[in-house]
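Each of the next two complexes has chain A plus one more chain, namely chain B in the first and chain C in the second.
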Partner chain A sequence: MPNPILSIKNLNVEYITQSDPNHAVKNVSFDIQKGEVFGLVGESGSGKSTVVQSILRTLPPPAIITGGQILLNGVDILQMSDADVQKFRWRQISIVMQSALNALNPVLSIRQQISDVLFIHKGLNKKEADARVRELFDLIDINHDRLDSFPHELSGGMRQRIVLAIALALMPPFIIMDEPTTALDVIVEREILFKVLELRKELGFTILFITHDLNLLLEFAERIGVMLQGDLIEVNTASVIGQGGEHEYTKKLIGSLPSATGPRRHDLIPLPDKKDQEPEPLLELRDLCKSFNLSGWINPKKLLAVNDVSFTINKSEIVSLVGESGSGKSTVARLIARLIKPTSGSIILNGKNIFESEPRKASLAYRRKVQMVFQDPFGSLNSVHTVYHHLERPIKRHKLMDESKIYQYIIDMLEAVDLSPGIVFADKFPHEMSGGERQRVAIARALSLKPELIIADEPTSMLDVSIRLDILRILANLRNQNNVAILFITHDLASARYLADRIIVLQNGKQVEEGLSEELTGNPQHHYTKQLIAAASPGWLKKNLENL
Partner chain B sequence: MATRKNDSILFRWIKGIIHNKKALSGSLLVLSFILIAAIGPYITVDPNAFLDTPLSPPSFSHWFGTTGQGQDVLAQTISGARQTLIVGFATGFFVVLIGALIGGISGFYGGKVDDVLSMIINIFLVMPGLPLMVILASWLPPGPLTLTGVLVITGWAWNARVIRSQMMALRDRDFVSAAIVSGERNIRIILIEIMPRMLSLLASSFIGASIYAIGAQVGLEFLGLGDVSTITWGTNLYWASNDLALLTGSWWTFVPTGICIAFVSFGLTLINFGIDEVTNPRLISERNWRKYLPKGKGNDGITPVIKTHA
Partner chain C sequence: MSTSIQYLLRRLGFYAIAAWAALTLNFFIPRMMPGDPASIIFARFRGKLNPEAMVALRETFGLTDEPLLGQYFTYLKNLLSGDLGISIAYFPQPVTEIISTALLWTIFLAGTSLIISFSLGTLLGTLAAWKRGGRLDSFLPPALAFFGAFPYFWLAMVALFTFGFGLGWFPLRHAYGDAVTPGFNLPFMIDAIYHAFLPALTMVMVSLGGWMLSMRNTMITTLGADYITFARAKGLPSKMVMLKYAARNAILPNFTGFGMALGFVLSGALLTEIIFSYPGQGYLLLEAVRAQDFPLMQGLFMTITLAVLGANWLVDIAILFLDPRTRR
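Here is the complex of A and B:
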C-alpha cells in the first residue's frame, strides 16, 4: 500500500452524559489513500459524523476523544497543540456540511464570505482576494453577477456550490463532505455530485464522503466503510459492497433498496390479490388551488403552491404523489386533511362536495374517514403523553366503542403495526422509542378510527434506510387487510413504484403526469418525470463520468 | 384496564428537582419560609403588643431587639412573612393564569383574534408600570387584595407576550396538526396537548412573577401605599424608616426583614435555575464534561483529547 494521506488508528470518542459516558466511536481504524474517494455510510447514531468531526477536532461539548491516533501525512492530529490545530484546519482539510443554509452567514454577501477565508488564512489583500473569488466562481460554474448575492437569494443547489467553493478556497489536498446533498432534490444532487467529481479530476483532491445513502455511494466511491453503532464493521471496495459485502448488516442495507427502474423484486412489498372489481371513487379533487401570501405588506406577492390539481383516489387503492421539495405535494396533503383551506376548487368525498356541506370546519364524520400520518415521527407525537394517550383520544372523541373495550382494541392496533407486545408499548413515551417505532404508533393512531383514506406524507423520509421498507410493508398490508385507501406522498420514485398502484407526478404545484406505477416508471412521457427516473436509477453517475 | 405506570411529566419533574442540587436547596429554602409563615403567628409573642423600651438592641428577651413602638422585631419579621408571601405567590399565579389564557388564545387562533388580543397586550405593555402602580395603590382601599390586583394589572402583559410567542411556535408543530386531524377540540388541544409542553416556561414565569411581586409589594408598602396597620415585610420597613432607624443606628429594625426578602428571592431564583437544568439536560452534560478537562480548557472550540483507552 502507498502512503495514506489520512490514517485513523483505534479512534475512540465518548460523550459525557449524566450517567455513564456514551461510547459513540469504538476503536475505529481505516486509511484513506491519496486521491481516492472514500465513502463512510451508516444510519443516524452510527458515529459517522463523530468520526469526521474528530478529524477536524470540531466536536462540540460534551464530547471527548478518549483514544487512538489520526495521522494526516504522518502527523498525529490528536497530539497537535491548539495553535497547530487552527493552522491545519481548512489549509489541509476542509469540510462541506449538510445544510448550506446553516453553513452560510445570512447577513454577509457571498463575496464577503469567501474573501473572509482568504483574508484569515492567506492574508491576501482585497484585490487579490477578489480575483481568487472570481476564479472560484468559475470553478463551480456560477455567474459572476451572483458575487454580491446573499445566501437566501440563491437556490439550494447554488448555495451548496458556494459552500463547496469555500471549502476549495485554499485548495486543500483533502476535503470532507458530510451529507452534502441530503437536503437537496435528486436532480440537483446529481448535478452537484457531478461537479464535485469533475473538480476532483481537475484538482486531484482526496474525498471522504459521509452519507446514510448507500445507493449514492455505490455510484462514485472507490472504497466504502460501513458503520453501525460506533463500530466500523466493514471496509471494502465499492464493487464488493455493491454485491452485498461480507457483513450481514451490509447485506441487509443492500437488500432493502427498491429501485425505480429494472425488473421489480416481488419479495420486497406484498401486492394485493388481484380483484376484478370496478374501481369505485372514494375521494376526488377538482381544480384544487392554494396560494399563500408572501412578503410585502403594501403590495403582497402570492405563491401558487397548488395549481389546478385534479385526481381521484379509488376505494382501497394506493396512489402516490411524487414531487420534489416545493412541488406542493405536502400542501395537497394538508388540503385533503383539511388543515388548511383551498383558494378554489373542490374536494368530493363519496360523491359529496364537502365544502358545500361543511364549509368552515371539517366535521367529525370527515375526520373519521380521512386520517393522516405525518413526515416527522419525532414531531407528530406529543412528548408529554404516552402511546396509550395518543391512541385513546381519537377513539374517545369519536365514541367509537365502549370504554371497557378500548384497552384491548389499542393493544390490537399496536400489534397490527408490529409493535408487540402491545401492552409494553402502550405505556411508553415517545422518547423511549426509536423513529421507526414512533412512526408505527402514528400509523396505528391513524388506523384506529378505521378510516377510508390515510394520507401518508413522506412517512419514511426521516427514518433510517434499513427500516423504511418495514414501514412501506406495513402500509401495503393495511390496504390488503383493512381495505383502506392510501395517498402516499414521497419524493422517492423508487418506493412509490413499489408501494403504489398509480403515481401522480407534481412539479411546481402542477400535475405533470399520471399513470399506473409500472407503466409510468417504465415509459415516462413528461421530460421532468424522465429526469426524475434517470436520477433515481443506478449507474447514472457512472455513465456521465465516462464522458469526462 | 391494566395498570399504567406513573411516569407522567410532573412525576419526572419532581424526580429531576429532587436530584438537582440547585432546585432542591432552593425549594427547601422557600418551603421553610412558607412553613414559618404558616405556623409563625402561633409560636411568637404578639407582634403588635408594646413589650419593652422602644428601639432596644437585640437581647435574650428580644432576640432581634424591639421597634420604635417597643414591639418584638422577631415576632414582626415572622408574622410579616405570611401576607408578603401570600400576595407574592397569588400575584405570580394570576399573572401566569391571565398570561396563559390571553397569550395562549392569541397565539393559538392567530388572525383577527390575535390582532385584538395583541393590541390589548401592547397597550398594557406601554403603560408606565410604576406610576400606574402608585396611583392605583393610593386610590384603591389599601390591603392585600388591592396590592395583588395592582401587581397583576401592571405585570401580566409581558408574560402574555412570552406565552403567545411560545404558543405560536408550538401550534405549527405536527403533533398539533395530528390532534386536529383526529378531531380533537381546540380547547382540549390547548390545555392537554400544548400547555404541558410549556410547563417549564409556565413554572419559571410563575417564579419570576412571584419574585417581582414580592419586591414590588415591599416597595409599595415602604412608600406607605399599603395598609400600614397590617404587619408585612413592607410595612416593617416602612415603620423602621418612619422611626428614623437609620438616624438612630437601630439596624436591627430593618436588617432581619431585608435578609428574609433576599433569601426568599434567592431561593426562588435557585429553583428557576434548577428548572432550567431539569428541562434542559444539555446544561448538566456540559458541566459534567468540564469536570474531565484540565483547568481553563474547553473554551477554544477544539475537541479535547484525554486518552483513557489503550
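Here is the complex of A and C:
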C-alpha cells in the first residue's frame, strides 16, 4: 500500500561558517505518499525551508548537505548531475515560493515568464507556448488581458495565482508550496487555497505545504510533520495533531492559538480587572480624514487613506483596530502619534482639541502621553546602542526623574516586560536578542514614560506563533497594572478578540463596524466583518471543499 | 503607453526650462564681467585698428548700445537660428563651424571609449558577481582599483611617454596624420583610429573599474532576490538566469550612470585632449579661455548644457523601455 512519491532519509544540512556553524537540519526522514497533502510546520529557524531547498537543490552557500538521501520515485536527487537536476526541476517538482510577491522578475511580462519554462522544457514554439499560457490563465481564473502585464501592475493575490500558474505549467506530479499565502490578507488567502485544492482535485498532484501557521494546515493537510530547531519531532495525521499531538511542543503550538470564533478560552490572556467606575474618555477622534497625493502636479490623484474615522478610547481600555493591508489602520496610528497631519478632523485628548492647543507640532507633553510600539522589532531598535541606552534616552529627554533613580527604574521596566534579570538585558545589544525579546524592549521603552496611551501597530505579526501570545499577555498585564490604554492594531481578528475590549473594523479607510469584542466576533453585522470572521474560523475550507 | 508619452513630454518640458535657464545665465554672466571682446581684439591689434573698425567689430559681436533686454532677445533669436557669432581666437571663423568639427572628434574619442568602458565593465561585473569569489572576481576588482587610483593625467602622460615617445608605437599628437586626406576613405579612418587608440585606452583603463564594481555590487544584491531562486527552481539554464533574470535587472542603476556620463562626454575629456593635443571640445575650451574668446566659450557652454540635458532625456526614454515599473 505505501507508495511514496518522495522519500527523505536521514537528511542533514549544515551551514558552514567560521563564526557559528549551524546544524540546520538534523537526521530528518519522512515519506510523502502519491496524491496526498503533506504539511510541514515550524517556526523561523526550524529548518523547514532548508528542507525545501534541499529537495530542489537550490541551497545557497554556505549551506551544505552533509548526509542522507532524497528519493523521488526511487531516484536519489542528491546524486544527480547538474544537467539532470535542471531537467528534473519543474518537470518532476515545481514550487510556489515563500514570498511569491517577489518571486516574479519585475522587468519581464507575465507571458514571458511563463513561456520561458515552456520554451526550455518542452521546446514549444511561440504560438504553442502562447496557447498553453492562455490555458493556464483559464485554470487560475485570470483574464487574458493580463497576459502582458508586469508583476507590479497586479495585486498580491493575482501575483500568487500567476506563480501558481507557472508551477502548473508542465503539470508536474508534485508541487511544493513554501509559505505561499503568508504575505496575503485572510480573505485572499482563503481564495488562493481554495483554488489550489480545487485544482488538486482536478489534476491530482501531490502537495508538500510548508507554513508556520498550524491552524491553516489543520484545515486541509492529511498528514503533518512538526519541525523544531532542525529536528522533525512529530509526524502524524492531521486529526491527531489537531487534538494536540503527542509531542510536548506540538501541544504548546496548538495551545497557543487564540481563535476568532467558538467559546472563549480563559486561560490564554488575563481579563481586565473589574472596575466599577464609569468609563472616562481619554482620546477621541472626530471625523478624521487623511488623503495622500499620489502623482503628478498637472493632474494629481488623491488617495483617501483614512475616510471619516471617529471613535473614542477610554482610560485604561484596550481598543483594537482591525483591517487588511490598505485599510488605513496604520495611517490612523501615525495620525494619533502625530507623525503625520490629518487632512481634516480633530483629535481630542483629555477633553482638549490638540490641533487648537498645539497646531504645528506635537508638544513634548503630548509625545510623553502617547507612545508607540512598531511592527518591526528588527528595525525599531538602533543596532549600535544597548538596551539601556534605548530606555534611558526618552527618560532623560522628558526629564522624567532624577538621574540617580534612572538605573533602577530601567531595570524595573525590563522586569515588567518579563526581560529578567533586567541587569543582564540592560547591557545587551539588539542583535544579541530574539525578535520577541526586542519587541519587549520596544514595549518597555514605550512604557517607561508612563504614557496614558500606547499605540501598538501589529506588534506580533513579525514574531513566531509561540511567542505571540506572550506579547499579548504582556500588553494585557500592562493595562491591569499600569492603567494605560492601548490601541492594538492588527489584521488578526483572533488576537484582537482575545486582547481588546472593543474592536473597530476598517475597510478601505472607512470604519465599517464597532463593537465589544465578544459581541462583534460572535454576531457580526457588516458583511465585510462576516467575511473576515468566516475566513478566520476553523472548518471553512472543509465546508467549501465538500461542495466541490 | 499614453501615460508614458505624457511622462516623456513632461520631462522634455522640464529639460526645456532647464536649458532656457542655462542659456539665460550664459548670456548675462559674461556681460556682467568687466571688458568686452571687441576691446580685447582692439587691444590685440595694438591701436592699428581705426575707431570705425572698432564700431564694426562691436556690431559683429552684437555688442550694441541697445538696452540689455533687447540684446537678450537678439541673442535668443540668433541662437534659435543657429548663429553663435564669430570667434575671436579663430577670427573670422563662425563659432558654430569650429565647434561642430571639435564636437565630431570628441564624440568619436570620448563617446567610443565610454561605450567600450561601460559595456566591458558591465559584462565583467556580471561575470564576477555570477562566479562570486572566483578567479575573475578576486583578480579584477583590486587590479582595476589600482589603475583607477592613479591621477588620470599622470597615467596618460606615462602612457604617452612610454608607448608614444619611448617605443614609438603610437603617434604623439593630433587626431590624424598629415599623409591622409580627411573624408570618407579607408586610410583616413584607419589613421583616425590609430591616433585615438592610446587616449581611448587610458580613458577606458581609469573608468573600467567603476563600471565593473557598481555592476558587480548590484548584481550580487539581485542574485539574492527571490525571483532568481525561483528562476533556478524553474529549471532554466544558468546562462538564461544570469542574463535575462539577474543582469537584466542589475543593469538598471548602471544605466542611469551611463546616461550621466554620456552627457559629460561632450564637455570633453579635457585632460585627455590636452595631453594628447586632440582637437576636441576640451582642447577647444582651453584655447578659448586662454584667448578670452567669449563667443567661443559661450558656444561651448551651450553645447555642453544641451548635450547633458539631451543625453538625460535619451536615458529617460531608454529606462522607460528597460524598466516597466517606470511606465505608469
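Quick notes on this structure:
Everything that follows uses one rule, which is that the second predicted complex is superposed on the first by the 545 of 548 C-alpha atoms of A that agree within 3 Å, B and C clash if a C-alpha of one lies under 4 Å from a C-alpha of the other, contacts with A are read in each partner's own complex, and residues count from 1 in each chain.
Definition applied: a contact is a pair of C-beta atoms (placed from the backbone, for glycine too) under 8 Å apart; a residue touches a chain by one contact, two chains touch by 3 or more.
These figures come from a predicted structure and were not determined experimentally.
Steric overlap between chain B and chain C is absent once the structures are superposed on chain A; the two fit side by side. After superposition on the shared chain, chain A has more residues touched by B, the comparison being chain B against chain C.
By the touch criterion defined above, A:Thr58 lies against chain B and chain C together after alignment on the C-alpha atoms of chain A. Within the superposed three-chain model, A:Phe88 lies in touch with chain C and out of touch with chain B [touch as defined at top]. Contact with chain C, but none with chain B, is seen for A:Ile120 once the two complexes are overlaid on the shared chain.
Legend: residue contacts after superposition of the two complexes on their common chain; A:Asn105 is shown touching chain C, with no touch to chain B. In the superposition on chain A, A:Leu199 makes contact with neither chain B nor chain C.
Legend: residue contacts after superposition of the two complexes on their common chain; A:Val322 is shown touching neither chain B nor chain C. Between the C-alpha centres of chain B and chain C, as seen from that of chain A in the superposed arrangement, lies an angle of 30 degrees, given as a multiple of 10.
Of the two partner chains placed around the shared chain by superposition, chain B is the only one that A:Gly67 touches, whereas chain C remains out of contact. Legend: residue contacts after superposition of the two complexes on their common chain; A:Met97 is shown touching chain C, with no touch to chain B. Put simply, chain B and chain C get as close as 5 Å, counting only Cα atoms, in the superposed view.
The contact surfaces that chain B and chain C form on chain A in the two complexes overlap at residues 58, 85-86. Those residues of chain C lying in contact with chain A across their complex are 10, 225-227, 229-237, 240, 244-245, 248-249, 252, 322-325, 328. Residue ranges of chain A in contact with chain C, taken from their complex: 56, 58, 60, 85-91, 94-95, 97-99, 102-109, 116-117, 120-121, 150, 152, 163, 166, 295, 298. In the complex of the two chains, the chain A residues touching chain B come out as 10, 12, 15-18, 27, 53-54, 57-59, 61-68, 78-79, 82, 85-86, 334, 337, 339, 364, 367-368, 370-372, 374-376, 379-386, 388, 393-394, 397-398, 404, 407, 423, 426-427, 429, 442, 445, 449. The touching residues of chain B, when paired with chain A in their complex, are 1-2, 4-5, 7-9, 173-175, 177-185, 193, 196-197, 199, 281, 284-286, 288-290, 292-293, 298, 300-310.
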